[in-house]
Structure formats: C-alpha cells, structure tokens
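Order of writing sets the labels: A, B and C. Residues in every chain begin at 1.
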C-alpha cells in the first residue's frame, strides 16, 4: 500500500489510527476520533446533552465501553471487543452473568452465508446486548455455560459532533459531511472521514474561496438530525452539499443525486464524472446516509452523496471484511482529487454577460485567435472562447457551457477568464 | 370456456345473451340490450327523439328490423338476418322486390381475402340497403332472379342510451363508457358492455367511493355526441374517463392515451400496465371510438381508451369471426380485474403533507421500523414508508411516488395509510 | 453533368461563370459576381466604405488583384493567380522582389497530406503575402532566387454586398443568405450563391408570399456583421432564416439548428428532412458560417444553416478539389427543391381554430368522408382531416400536426384548406 502520493498515504495513516477505536453514535471513541482528525484540520467540537429534543428525536444516553468478552465453559475467551470492536453489539447494556449456550445464542449475530466474517450490529433506541462473531466460530461453540461480561455504561452524557468551517467570500455554504458512528469499518466510513478532513485542509491552505465550506463530522442520522435541529437558520445558507462515504475502495464512483436532481451540485459532480469517465450517477432514493435528513421535505437542501462502492451492495459492507486491506492510499487520493475538482467547478461556475453581444467580437485584433484565416479546426481554448461568447447571455452558467459544448469545465472556465481579462464578458452576481 | 371464476362466467353469459340481438345505433335491439344489462346493474334508460339537434349532428330515424332475407332463383334462402344479424347491412331501408343477380351484386358485401367470413357494414346517414355474406357463398350464387325482402322500418322514433351512476363522496366524476351499436360482434363490443356492467356492479357493492362513477352505454359517435350535447355541464365534472372496447380476447392490453397524455387516468392505467407487464400504451390518435368526441377541442376531457386487441388491427375485427369463440370468461375476468385495480389507483391517488417534515421522523419508536440497526435491506412497506415520507410535500401524489420508486401503487398506498394512522402525514384535498 | 433538369443546369452554368473570378471579402471580383447573379434575379448592390465601424469591427481596405505570380530561378512561372485564383494568398499586400527559396518558403502554403491539392488561405486583418500551391510542386522547387510579383491594391474603397427582397403580405421576414467571399471553391460557396439566386427567382415568379423574403449575398463574417450593424431594426423583423452553403455536392443534407433549436425554421427543415429521409440535423455550435453572427447573444435571430457536406469535414473543403467536378446540376436542383419545400412549409404553417369544436363535425354530410361506415382504414386526407380537427385549438400549428401524426406536411396543409373551405376551421393570425 505504498503506491500512492504522500497525501494518499497520510489519509490511509489516519484511517489506520481511527480503525481500532470503539466508536458509536456517542462516547469517548468519537471524541478520540475527533482529536485525531483535529491533527489534520482544526475542529470545533460540540457536545449536545443526553435528552435534548432535536426535531422528532431525543439525544440518547452516552455509551462507553470498558471491556466486553465471552468465555466458554472451559474459561477460554471466545470473543473480545479488544480484538475487534465489531464483536460487541453496539449500545449493549451492561451485563455480567453466566448463561447456557442456548440462551447465549439469542444474543449472537453472525452471517451464515459469509461464515468467516464478523457482522456489525447495534440497537441504539431499544435496550439490548449481544456479540457479533464469525459464523464458523459460532458453530464450533461447545455446549455448556458461558461467562458473559459487558462492562459498558449507558448514562446521561452527550452526543459529540465536530465542525471545521473554512470561511469564503460569501456566507453561502457548501456542506461536506461524513458520518462518524461506525466502528472498525474502514471504507464505511473512515474513508469518508479522512477524505473530508484532507479536503478541509486543502481548502484552508488555498486562498479564500468563493463559498464558505462547512465540514461536519457527526454520527449518522441522529447526528445530522441534531445539527439540523440546532442550526435551522444556518441550514438555509447551504447552496451545495455532499455526504461522503465509502471513498477508499477501488470501485468507480457512484453519485447519488439530490431529491430533485439538477441542482448545481448534481451538475458539477456529474460533469466531473463524465469528463473522467469515472462512474455513474443515480437518482435519489430515501434510504442510505444523511442525505436523507438534508433532503427531507422540510429542508430540501441540495445535498447529494458521493461514494465509490455503493452502500449496502458490496459483500464487505458492514462486516469485518471492510478492513484496512479493503481501502488503499491510491483510492483515497483519487477520491480527494475528485472532490477538489468538484470544488473547483462549484467555485468557478459563474454566469457571464457579453459586453459585446451583437455579432462576434473581433478576437483576432485582441490576440485571442489565430490570425491566419481559412483554417477551420478550432480546438481547445479557441473553441471554448467561441462557446463562452455565444452563451454569455446571463442564462448560461459555465457548467451549461461545458454540458452543451462537450468541452471540459476547466477549458471553459479558462476561456471565460481570458474573455473577462479582455473586457469581452463580465461575470454576473447571482 | 369453463376455466374462469364465476364473474368471468357471468360476464360471458351476458355476452352470449346479447350476441343474437339485432343492434344498431337505434331500435329495439338496443332496448333489449339495456334490459339484459339492467339485470346486472340498474340502468337509467334515456330516449332522445329523432330529429333532435345534438352538437353538429341530428338524431337519425329509428331503425327496426322484422325480417330480412334473400332467396335465390330456386327459392332457396341464401342469407337471413335471423341466422346472423351481421347479414343485414345496417340501416337498410325497406325493400321487397325481385332483382337479377347483377343488380343484387351492387348491394352485397363480402371479404375476398377472408372468403369464409361475413363482414359488418352499414350506412346510417345515407339511404341504402344491402346484405353481407361470405365471399365463398357470394361467388357460388347462380345467375337468375333473386327475391329480396327487407322488412325494416326507418321512422321517427328515438335514440336510446343508458346510464348507471354510482354516487361518490364528491361530484367529480369518472366516466366509464362502452359503445352499444354493434350487432353480433362479441369482442367489439359486447365484451366492453359486459365488463362495464360488472364493474358498475362491483362498485355499487363496495362502500361509497371517492369519485362519482358514471357508466354510459350508448351507440358509437352519435351516442357520445348526444350525451355530450345534452350534458355539457355534467361533462365538466369528468376528471377521468375510459372508453372500453375489445376486452374479451386474449391479447395483452392496449391503452390509448388522452389527447395530451399525462392525465391522472393515463398515469393510473400505465402504472397498472407496468406493474403487471400487461400491455402497452399508445399516444392519442383521432380515429377509433368515442374518445374522439370526449377529447375534441371544445371538451378536451381526460378520457383514454382501454382495449386488448386494438380496434382495426386484428383479423376478426368487424367480421363474423368476432364471435363467441373469440372471447373467453378468463379474458373478461382479467379485464374486469385490471379495471378494478385502475379504479383503486384513481381512488387512492392522494397527495400528502408530512406532519413532521424536518428530517425523518423516528419510525422505530412508533413500531413502524425494524429496531435492529445496521441492516440495510429496506424492503416492501419499510421502503414505501421512507418514499412516502420523503415525498410528502404536497407536490407528489401517490402515483408519482410509485412511478419514481418503482414500488407497486398498492404498497405505496398502504404505507401512506399507515403513516396517516400514526399522524405522520396528512392527505390534502385537491 | 447533363443529367439534371433545366434549372439544375442553369444553376451549374452560373457556378461555372463565377468560378474563375478573383473573389475575396471586397473588390471587383465580388462586384462582377453580383453582376452575374443579377442576371438571375435583380439585386440591390450596396457599397460600405472602408473604415466604417460596424459593431465591433471596421470595414477593411478594398483589395484588388491585377497579377500575381512566382518565377523560379530559370524564369519559369511556378504559380500564377490566373491559372487558379486560390494560388494567391487572400489579401496579399503588393510586393515585387527577388527572394531566395528559403525566404519564399515562409510565404508558401501547401497540404503535405493532400500533396496534389492547392489550399485556400488568406489574412484579412494582418498584413501578409503568400502563395498557395500543391505540396508536390512545392517540394520540386529548385534552390535559387525566385521572382515574386504580387500586383495588388489594398486601399480605401468599400465592402460590397447585395440584396434581393421579395415582398410578402407581411413585413415579417425570412432571411436567406450565402457568403460570397470565397474564390474558386465551387461547393463552398458558389453552390449556395446559385441556389439562393434561383430560389429568389422562383419566389418572384410566384404570387405574393405570406412572408417577405430577403436574400442577402455578402462576404462571410464581416459581411454579416456589416449588414447587422447597419440594419439593426430590420433584423428584428426576421422570423426565420437560413445560411446556405455547400449545396452542390452529393452528400445527404446537414441542417444546423438555431442557437436554441425548436424555432419554426428548425421544425420546418427537420420536418422536410424527415419526410424525405434526406439527412440529419445537428445542434448549434458557435463556429461555421454567418449563423454565428445572427445567433449571437445580442440578436439571437432564429437562423439555421443548411448544407449538404458539412463545412470543415470533407476532404475537398477549402482546397482546389472543391472544383466544378465536385458539384453537379442534379445536386443543385435537389437543394433548390428542398428549399422550396421548406418555404412551402413556412408559408403554410398556420394555426387553426375549429369552428365546430364540440365533438367531431359530421364530415359525411359535407362530402368530406366515406359515407360507408364500418370500415376503419382512414388514410391520407381523411386521416389528415381528423388530425386537423382534433388539433384545431389554436395551440397547434400545422407543423405540430405533421410532427404528431407522422403525416406529410403537404397532406396536413391540404386537409386544413379543405376544412377551411367547408367553414369547419379558421386560420388564426399570429
């Protein structure tokens, strides 16, 4: 896994450090996660107390784990959360008792069709306890009495989320978010966390962007609900948004459109996918990750989802096979590069008015065009100059020019800049 | 033909009883038809006097037939309306004379390319007489003088049509209509008459529907013109309509869209066709049956046409081969079932507003969702719950939810009902 | 080339006479061109002085050529504009001197990949001189000193363009234009000039058309710019327009749509292409010929482009192979016929209101329909009658009826005329 650039390697390193932490929708594992992410880009960490009403939901008790294991009748440890944090059924209540195998079985979760993999399971809002293990191990358990120890706390505390805001020239926002509640699942979603963190770092290192970028790291569902419930005014400033998940595997990209589709974020991502032949776009569907909350009828924020392998459809999904071997520095690097290009499109997607709209301006005398006539192979920038001039009616943004012309956005953007420098077009405020 | 349910058999029995009646656009055959249909569902029968101006048309004289036959030179009966009512050219004026074969030929109609079939022909608005017979028989006629007897009356009387209105919770109407003017043609349109009659009976037996359903049995063209000319205010209450014809054969369904397409009736029928992979939809064209009148520029009522085999395109069309063997109880039953499902869609196609539009409501605590997290195979109702919640913005009717989600309408409808019961959505009046 | 009708032959004859003239964007060759075109249809010739500001451009000096040749070291003439007017680089400044081959090479233009063809090159707005020749000849030039003689004048004068206006019943205009600046290139654009001239003659010989037709013969780019700059009010009267080029070769037609597409001129040309299976339509792109000027943001006139072989894509393009053998009387004739049909569509494309909109009118009693019922093969005019009646709501023009019905425009137009004669529909003014 040493084949990628430095940033890919750094992102992979972050994923490695986050992997063993015991994360859930609350708890110290989340706080430690944010401490490590904060080494990449500064985070503002927020704590929302248990019991806080957020929209239709209530912030649940905080869950922390000290130890959790099962010993077989001979005293041998069968599963231990320290070996793999997926082993402990998420939000398990504390318990320490001896139970016969038959009763233990009611609390075990495994995957008969993937007998070597440990599944990930949890129950946040109904009290339960349990362990997840490989079906092959489960089937080998001898009869007898087992000692079960789950030393957890499920008590009033808080839900923790973190933000990194990169201020722009306007207060209109681009929301980039990744869910932080999954334990040792490298692609879903340590990859999304890592790519978001390094995108934030990249943007901070550049000059002030046009838009304000808000990076939100929060647990799935309850985290987005909590943020929306406590930031209803801020939410109205979101012009574009992306939910990042599963960005470390080697599949082509999958873009999930906003509820209506056709928003600038949809067009931007689809343009970049098309230019690179890098994947496909799917219409919105109301399951998946936190795009569900942002796109709900009362918000309808233009927030799409960017993934590589699509959640729920790859065999490693929500199992122990979504481990450090399933993600790579190269894939993380490609994902970051994809996102920075999307940001470039959003930033550069302006509308223009021609300052010389009647007929074509004479490009030749401005040094913008070949002076030798009679040829007819306008290519690259020259073609883009003609397209931008032809469409500079205030109706077409540069994405529309790229979509219509088949030229790359970057080429179109460059032509618009040249024409602006020659006072032939003027960008208009929206 | 004993393979269908009781209702299919009953509809087939009605077709059998209607088959021998001498029907045309007026006359006692029509009245007897309505008497028999009235045994299935109560009908209000209307008589419109000859000479009544209806829109651009005039109600023609009433036509009745006592006997009609031709004897060959040897006195042998060659054709007799009593054997098959198609034999008599429709609206033949009375005549009783002896004519040589050559002159008789000018009044005979046959199908050289289908030499064993008797065609159906008529002339309602220009005086004429004639007989229809198999081309094979026609070609075997010996030279000589023939005795022609057409004992008909073509006199002031009335045009007869019938209605069955099933009142709904609103006075907005669904029009279901079938033409009643064709004689012994089983598919076109005894099948349409039978299915309409049994659909009316089905609706009467249910609780009060949302819409008022008007079943109209009337002769083609002049009947629809007469109804429209005398019910211009009523016509404005029609929100959805279907012209039924050719519903007893075994072809897949053919739906003919309204003039513009995209009306709720179009979407409802196309949804059911799609769910069942039961046939295809065609854009509107201005020939066919009475949809022509309802869709004319001055009315533009949203009335489509439902058929199985498409009129004018099957070899049995308008011939003696469209007989009792060409239709079956099973096919009639399927057609009725198709229509009741379309009615269910129209009835259930409401728009909803989410009562908890900001973010998703917590379904788990309401017992509407699996409490066990970490899985991601939302199926059936659960998926439909999410779709209805995501679209409950007052803009999407449930058909739109079905169209967009790919779920069956019934599943979507069920989810909306559940959500309404839990006070999560509210249907809105249109 | 004697296989076409008389008009095809006449057009070809005009192309032959125009071929040897030394044409450019200004000069006596253009004037002589208009004198010859004026023999076909009367032209109003306009002179716009050098230095006139037109939109963003300035009318350039006038260029005239007396002689231009190169002699090799042995005194042998290597290229001479009198042999082929492409030999002289367009707008070459006057020069008469002796130069070594190496320096001469900097002023020579040839096509290494088409070594037997002479290219066409020019430089209107930057001073330059040069010769164009076959690469095979160029490569055979011996070392030594060459005598170069370019006896041209590049002085204040004027730009010449010509118009032929065929007045119509309204002052709304159809613009038909062809660029006149290319020298010995038969397809591009002597074919366009010839077809435009004969279309003008055809329209003048007919009765007064509905629209006013303006035929504009002007140099490419600067000519259109000059006309637009001096006719900004007139330009607003253009409802439909076509730029004609490359209409003498044997390729299928290529139609280039207006900027937005969907204008009546787009629909008319595409309808005729479809009816004849005569070619394809392409979306607008901002390079090509003078449609660029008419469609620029400040004008956005509905002007499309009609070609056969598409400019810039055929191997003969802008070379000596675009000669009299490359075009044919038959192809010119077909192009003229195509255009007259497009004109017929534009002229006949009216909207109608039914005068009997409620239900269908009774066509039978008006002799407009078969009186014999029971058949169902409505064809040709009868079908068109039904379509026109069904769509006579003031929303559908006859092109829409043809598009929707699949009938030929001519058939639909004929039906509308019949219905108008029977007072069943009335055309409405737009």
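Note that in this section contacts are C-beta pairs under 8 Å (C-beta built on N, C-alpha and C of every residue); 3 or more make two chains touch, one makes a residue touch a chain.
Model, not experiment: these values are computed from the prediction.
*Asks:* Determine whether chain B and chain C, two copies of the same sequence, contact each other through the same residue numbers or different ones, counting it as same when over half of the numbers at the interface appear on both sides.
*Replies:* different
*Asks:* Can you grab the rotation angle between chain A and chain C? Superpose on CA, round to the nearest 5°.
*Replies:* 120
*Asks:* So the centre of each chain is just the mean of its C-alpha atoms; given that, what is the distance between chain B and chain C in Å?
*Replies:* 54
*Asks:* Pull out every residue in chain A that's touching 2 or more other chains.
*Replies:* Within chain A, no residue contacts more than one other chain.
*Asks:* Give the list of chain C residues in touch with chain A in this complex.
*Replies:* The touching residues are 55-57, 90, 119-126, 221, 224-225, 228-229, 232, 259, 283-287, 292-293, 295-300, 311-312, 317-318.
*Asks:* Sort out for me which residues of chain B touch chain A in the complex.
*Replies:* 354, 356-362, 364-365, 371-378, 383, 386-387, 389-393, 404-405
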